[in-house]
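Two complexes come next, and they have one chain in common, subunit A, joined by subunit B in the first and subunit C in the second.
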Partner chain A sequence: MDFVQNFPAVSILLCLFGGIISSGLRGKTARYVNRGLLLVVTFLSLCTLCYTLESGEAFVYVMGKFPAPWGNEIRAGMLEAFMAFFFCIIMLLSLEGGKKKLVEEVEEEKVFLYYVLIDLLLASLLALVYTNDLFTAYVFVEINTIAACGLIMIRQNGRTIEAAARYMIMSLLGSGLLLLGICMLYDLTGHLLMSNIKDQAAMLYASGQYRIPLLVTIALMSVGLAIKSALFPFHAWLPDAYGYSTVSSAAILSSLVSKGYIFLLIKIIYRVIGFEVFYDSRIIDVLFAFGLMGMIFGSVSAIRENDVRRMIAFSSVAQIGYIYMGIGMGTQAGMAASVFHILSHAATKSLLFIAAIGLTDVSGGSRKFIDLTGGAYRNKWAGVAFTVGSLSMVGVPLFSGFISKLLFAQAAVQNGTKMLPALIVLGISTVLNAIYFMKTVIRIYTPVEDSAYESVTFKNMKLYGLTLICFIVLNVFLGVSSQPIVDLIERGLTVFS
Partner chain B sequence: MSRLKPQKEYEKTGAFHFFRWLSGSKDPYVGEIEMQPQKEAEIQETTILERMKESEMVRDKVYDVENNKVLKLFHKVYVVAAILFCVVLVGLLLYTVSYLPRIGNSANPDNNIVSERYIEQGLQETGALNIVSGMILTYRAFDTFGETNVLFIATCCVMILLMVDDVILKKQRIRNDRRFEPKNDGILQGTVFVLCPIIFIFGIYIILNGHLSPGGGFSGGAIIGAGLMLYTSAYGFEKTQRFFDEHIYKIAKITALCMYGIIGSYFYITGANGIENHIPLGTPGHILSSGIILPINICVGLEVACTMYAFYALFRRGGL
Partner chain C sequence: MYYIALSVLFPILTGVYLLVRKEIKNRKSLLIQTGIFLVITTVLGVLALCLSGGGILTPFNLTDRLPILFKVDEISILFAVMTMVIFLCAGFFSFIYMEHEEKEKRYYGFYLIVFGILLALCFAGNLITFYLFFELLTLSSMPLVLHTGSREAIMAGLKYLFYSLSGAYMALFGVYFIERYGNTLTFSTGGVISSQAAADNTGILLWIAFLMLIGFGVKAGMFPMHAWLPAAHPVAPAPASAVLSAVIVKAGVLGMVRAVYYIFGVSFLRGTWVQTAWMVLTLITVFMGSMLAYREPVLKKRLAYSTVSQVSYILFGFSVMDAGSVTGGLLHVLCHGAIKAGLFLCAGALIYKTGKTRVEEFRGAGKEMPVLMWCYTILSLGLIGIPPTGGFISKWYLAEGALSSGLSGFSWIGPTVLLVSALLTAGYLLPLAINGFLPGADYDYGSLKKKEPPLLMVIPILVLTLLSVVMGLFPEPLIHYLSLIVEKIL
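And now, the complex of A and B:
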């Protein structure tokens, strides 16, 4: 066995250790530990990515001396390694961008707890990405849920506590449904390891045995994960949770936590239930329909919103709808488009959150549109970054959002029955996106005579500015040189199943 | 009948006190324990006004149920929809359960090679008489490490929510100890004096015998945690802090989790790389046997006890 194969397991364990040790440190030291950890894990993921790209296939790593199906096991392919790498980068940038706000909004003696939560959240994300065992996935889903609650409520005002309570109730409902699904699946197949379940499920499906329980299991797991990732009718917790928590939390929650669950769902579709069985179950059509509804209603809510943070949060509902629409198409191309949109939305949404905080800071801390007028002149970099993020979300060429919309459209054209609704809703949603994002961009670039608020230059916010530049570069990179990444995703999905 | 002892010496014996108590001439609790009844919570007028203002604000700004017609309709529809949803979900799940394999049938899918190996070879491979311990701490040690971290992160979240400043904690020290029960309650203290050592020893017994008999880190740790809570409610925080304060809590928690992590990592990484790990399995049935299970059980027990106590202390006064 090669040395590199240890890296996925080591990165999960390192993050867990980092969290444990941080709980005994002061805030500042915990931050250094966290940053070091992120850099190391990014490096390890990059090594794993190179290794898997070179070997061209996934490898299995047994956690302990007992092979699966008896022991635990993780599995790393190129898609998993790439996701882990990408998640680390986004997390690093989001944390750096929101560092100043974190100091202002979180009590000083509780800052170390923030980094404990972040470390454990990273561990759980990595575990969700790499795991090859359904129960391990469930355990880390629990860690993920609790950590996300903590991230919301660490900024203590009434709204965040309420948002955290709401998030917890909805999210636990999702976990409960997922657990019910896993229990039933265990009862039907007798395994918890993904590949074994897949064999058994294919056998059950072919023989026609236990058809109803299998269908209900698929439904429960899909709905559970859909609730946790805020698919349209289950998004009630989202605007408050993203709108009022401290900005790093909002960026991490919208771009990573919900994406981790979606990745788990994709994993379940490919590696647990089997793509054909899932496709034939027709649950996929339900996901498709809700995805389409989310694309429209999320955007409509965003247009009606008068608070820029909540507007960006509602836009997440629409973008999650895109991802589920891609999954719901039931083709390889649709799935690849969804995975690409996971990346593009993660890069863009965290950029928007971080840029919006720069704009509200120079507008007296108000998030109302009326106060944001001319904000881009007072904080030039935040204005540029917000514009880039908006253009990307709307789907203007050169930016990452364009590529994902193009991929969705291509996937829709290849699909016979779902082509028309997908294309129509894609068009409507793009227009709606343009309405609320361009409205904001025009608003922040409307000059005001002798504004009462102070301006900020690059010198006063070097780190913040650098983070924004990195985000912009990442966005343009995803938009300009998308072909290698799309190829990687397609290869990864093939290796996946 | 002549007394063997003179009166003065007799007054010192327990029998004298017992008969005095029996005849009702002396109540041993008078003077020893605070007999004053609990005070009604005093609410000042300003607090009432403030609360009224707040609730009005909530009504006006957030949930204006009375005047907002859409919200009113929504609340009605919401109740009906929630009930309908629950009924449908319950019906659906019951319907599904009726199609699941019957419990106890030997041909069920879950009676397969997985459970067969756990049962048949578990003893040789893990050295644990308790198959469940062997399974969760050796075969699936990684899941259990995750599960222990769930407890850890749950305490972190409760800390975020409930922990108060040290200054406030010091100011409210007396109030925290005497708010809900009288100080030095003799009955409680006497009972705890007898019970607590037994509870602690029983908890330790369960942890140490986790690989031999039913039990293990989670259940034993819960018992020790319950003992700590009992001790605190009888003797107050000040006395508990003589042996268990925030500093010791942190040390115990971090050491336990790190030890588990180190043992676990050693086990995973050597196992995955095919290197022989030098953890002796011992003779099954002995107290020092079954490889990594015993140390992991101790770590898990410590962590669970710490978590239980931390929850109690945080909910009661907002600090350890």
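And now, the complex of A and C:
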């Protein structure tokens, strides 16, 4: 066994221990520990990525030397390694971008708790990405939920407590359904390791036994994860949770936490149930339909919103809809498009959240559109970054959103029955996206005479500005040279199953 | 070949530079800089046209199968030359006109960016490159519409944005499908749809062609997606309206030409319902635009409606797909470009000098500003299609092509509609000239003052007027050149 194969497990454990150690540290030290961890994990993921790319296949790492079917396994291919790598980068940027805000909004003696939660969240995300054991996945789903609740609630005001409570209830409902699904699957197949379940599920499917329980299991797990990732119509918790929490939390929740669950769903589709079985279950059509509805209703809600943070939050509902639409197409191409959109949306949405905070800060902290007028002149970099994010969301070429749109459309064109609805809704949703994002961009670039608010220059916000630049570069990079990443995703998906 | 990249990048980069740099205190230095940038861009553009010689430039690949690709062919030369002439004229005109407007730096910045993007559209060698710059064109020209920042301007700008984005998406629809059914996305004469795919999927491909026509038609102001144009063009400052009305709408025309003649191919579309539908839509637009212009009292809005009508003359020429009519269409691209830019600049000069906006308020303007009003009159005659101006030649070819096309019905309905619309054109353009020169007996000649606009305003208008006349007097070399193009694409 190569040395590199230890890295995934080590990263998860590092993060867990980081969380534990941080609970005894002061805020600042906890932050250093967290940044150190993030950098190390990024590096380890990169090594894993290079290793898997070189070997061209996934490897299985047995935890604690207990062989299957008793022991716990980790399985890492290039897709998993790349996801871990990407998640770390986005998390790092989101934390840096929201650092100043965090100091303002969170009481000083609680800052260390924030980093404890972040470390645990990262651990659970990595575990969701890497694990090959369904029950371990469930455990980390719960850790993820609790950490996310904490992240929402750590900024103490009435709205965040309400939002966290809502999030908790919806999320636990989701986990409950997932757990039920896992129990039933265990009952049906007698296994918890993904690869073993898949063999058994294929056998069950071939023999035609337990048709209905299998269907119910698939439905339970899909719906559970759909609730947790805020697929329409289960998105009611989302706008408050993303809208009122501190900005790093909002960015991380929208671009990473929900994506972790989606990644788990993709994993379940490919590695637990098996693609054919899942495809034949027709649940996939339900996901497709709700994805389409989400694309429209998310945008419609965003148009009606008068609060910029909540508007961005509602736009997430639409974007999650895109991802489910891709999954629902039931083709390899659709899945690849979805995975690419996970990346592209993560890069764009966190950029938008971070840029929006810069704009509201120079508008007296108000998030109403009327106060944001001319904001882009008062904080130039935030204005540019918000524009880039908006253009990417609308799907203008040269930005990452366009490539997602292109991939979705290409996948749709190859799909006979789902082609027309997918393309039409893509079109409608593009125009709807343009309505609210371009409206905001015009608003922030409308000059105002002698504004009451002060403007900031790059000198006063070096770190924030640099984060924005990194985000912009990331977006343009995904938009201009997407081919290697798309290739990687396609290779990763073949190795995945 | 690298001149193509330079001529596209230079104006865009200098435009961005103007946008981001600090406010320039000294107005003169801003103007000198802008002037130099405009001239250099034009020189680079001319070099690109002369020296690239059919070479292909691929700066980068969007994805493996979608390269960004530039190429110079005859159509590019035609559109690029028109773009450069009009941008220079309107640019120098702005130097005086924009004196009293705010945010001049922003205006010139976006003006240069639009210039670069339009050149890129002319040089675009495949559908995805065209689409890319088509989207960017919408985004970068929107600030020109929004310039005054009034509520009306913002609403018009948003309208422009949504119409254009919907249109661009319909065009993108085509990209998705042609990537699947076509051999390549690169523009090639005669089309890129493989005959096998064309035979198997005729129905769906025809729908795609129709959608692309409607989509690109948004920019060209073709019915049923024309409503943004009369709202957006007049609210911009006059030189920007000139550019919008004379050149940017042509981006839509160029898109349709590329889609029909270089992607689907004439042989695929000729005689199908798509051609019929296209002809019907253009004729409706021709008539409706003229009617609306006739009823419109505000000068710049009237000119905008006139654009709706006149651009569909061009499109009608292309939709007939006959050698004569296509020649007429190409010629009218140039004529309408020069004439409409000239008319908008005249309107700008009138507004600049008098502060009035409605047509009936310009009584006696011809006595006060004879040179300007003479230009206006000659340009109007050109748009109506009276010899010896270029408009006559182009409309002659359009009508003749339609008559000889052998399409049942349209061969005579078309010319009739064009003729009626020409009468309406006379009806909405000439009253201003008549009232301007012959204000009537009750006009107070005592208060009359000479107030010819400054030279920098008059010269661009004179140049455009002269061009429209020269095209009418010596059309031979141009027609010869156009017939070569037509031979290739038909």
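Here, the second predicted complex is superposed on the first by the 497 of 497 C-alpha atoms of A that agree within 3 Å, B and C clash if a C-alpha of one lies under 4 Å from a C-alpha of the other, contacts with A are read in each partner's own complex, and residues count from 1 in each chain.
Please note the rule applied: a residue touches a chain if its C-beta (ideal position, glycine included) is under 8 Å from a C-beta of that chain, and two chains touch if they have at least 3 such contacts.
Worth saying up front: this structure is predicted, and the values here are computed from it rather than measured.
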First (subunit B), second (subunit C), both or neither touched by A:331: neither
First, second, both or neither for A:120, with subunit B first and subunit C second: first
Touching partner for A:494 - first (subunit B), second (subunit C), both, neither: neither
First, second, both or neither for A:9, with subunit B first and subunit C second: first
Between subunit B and subunit C, more extensive residue contact with subunit A: B
First, second, both or neither for A:410, with subunit B first and subunit C second: second
Touched partner set for A:186, first subunit B, second subunit C, both or neither: first
Which of subunit B and subunit C A:482 touches, first, second, both or neither: second
Contacts on subunit A seen with subunit B and repeated with subunit C across the two complexes: none
Subunit A partner contacts - residues on subunit B that touch it in the complex: 92-93, 95-96, 99-101, 108-115, 117-118, 125, 138-143, 145-147, 149-150, 152-154, 156-157, 159-161, 163, 165, 250-251, 253-254, 257-258, 261, 264-265, 267-274, 277
Parts of subunit A lying in touch with subunit C, wherever the complex brings them together: 391, 394, 396-398, 403, 406, 409-410, 412-414, 423, 427, 430-431, 434-435, 438-439, 442, 446-447, 480-483, 486
Residues of subunit A defined as touching subunit B within the complex: 1, 5-6, 9-10, 13, 16-17, 19-21, 23-24, 61-66, 69-72, 109-110, 113, 116-117, 120, 123, 127, 133, 135-136, 139-140, 142-143, 146-147, 149-150, 153-154, 156, 161, 180, 184, 186-191, 200, 210, 212-213, 216
Parts of subunit C lying in touch with subunit A, wherever the complex brings them together: 60-64, 66, 103, 128, 131-132, 135-136, 139, 146, 149, 154, 157-158, 161-162, 165-166, 169-170, 172-173, 176-177, 179-180
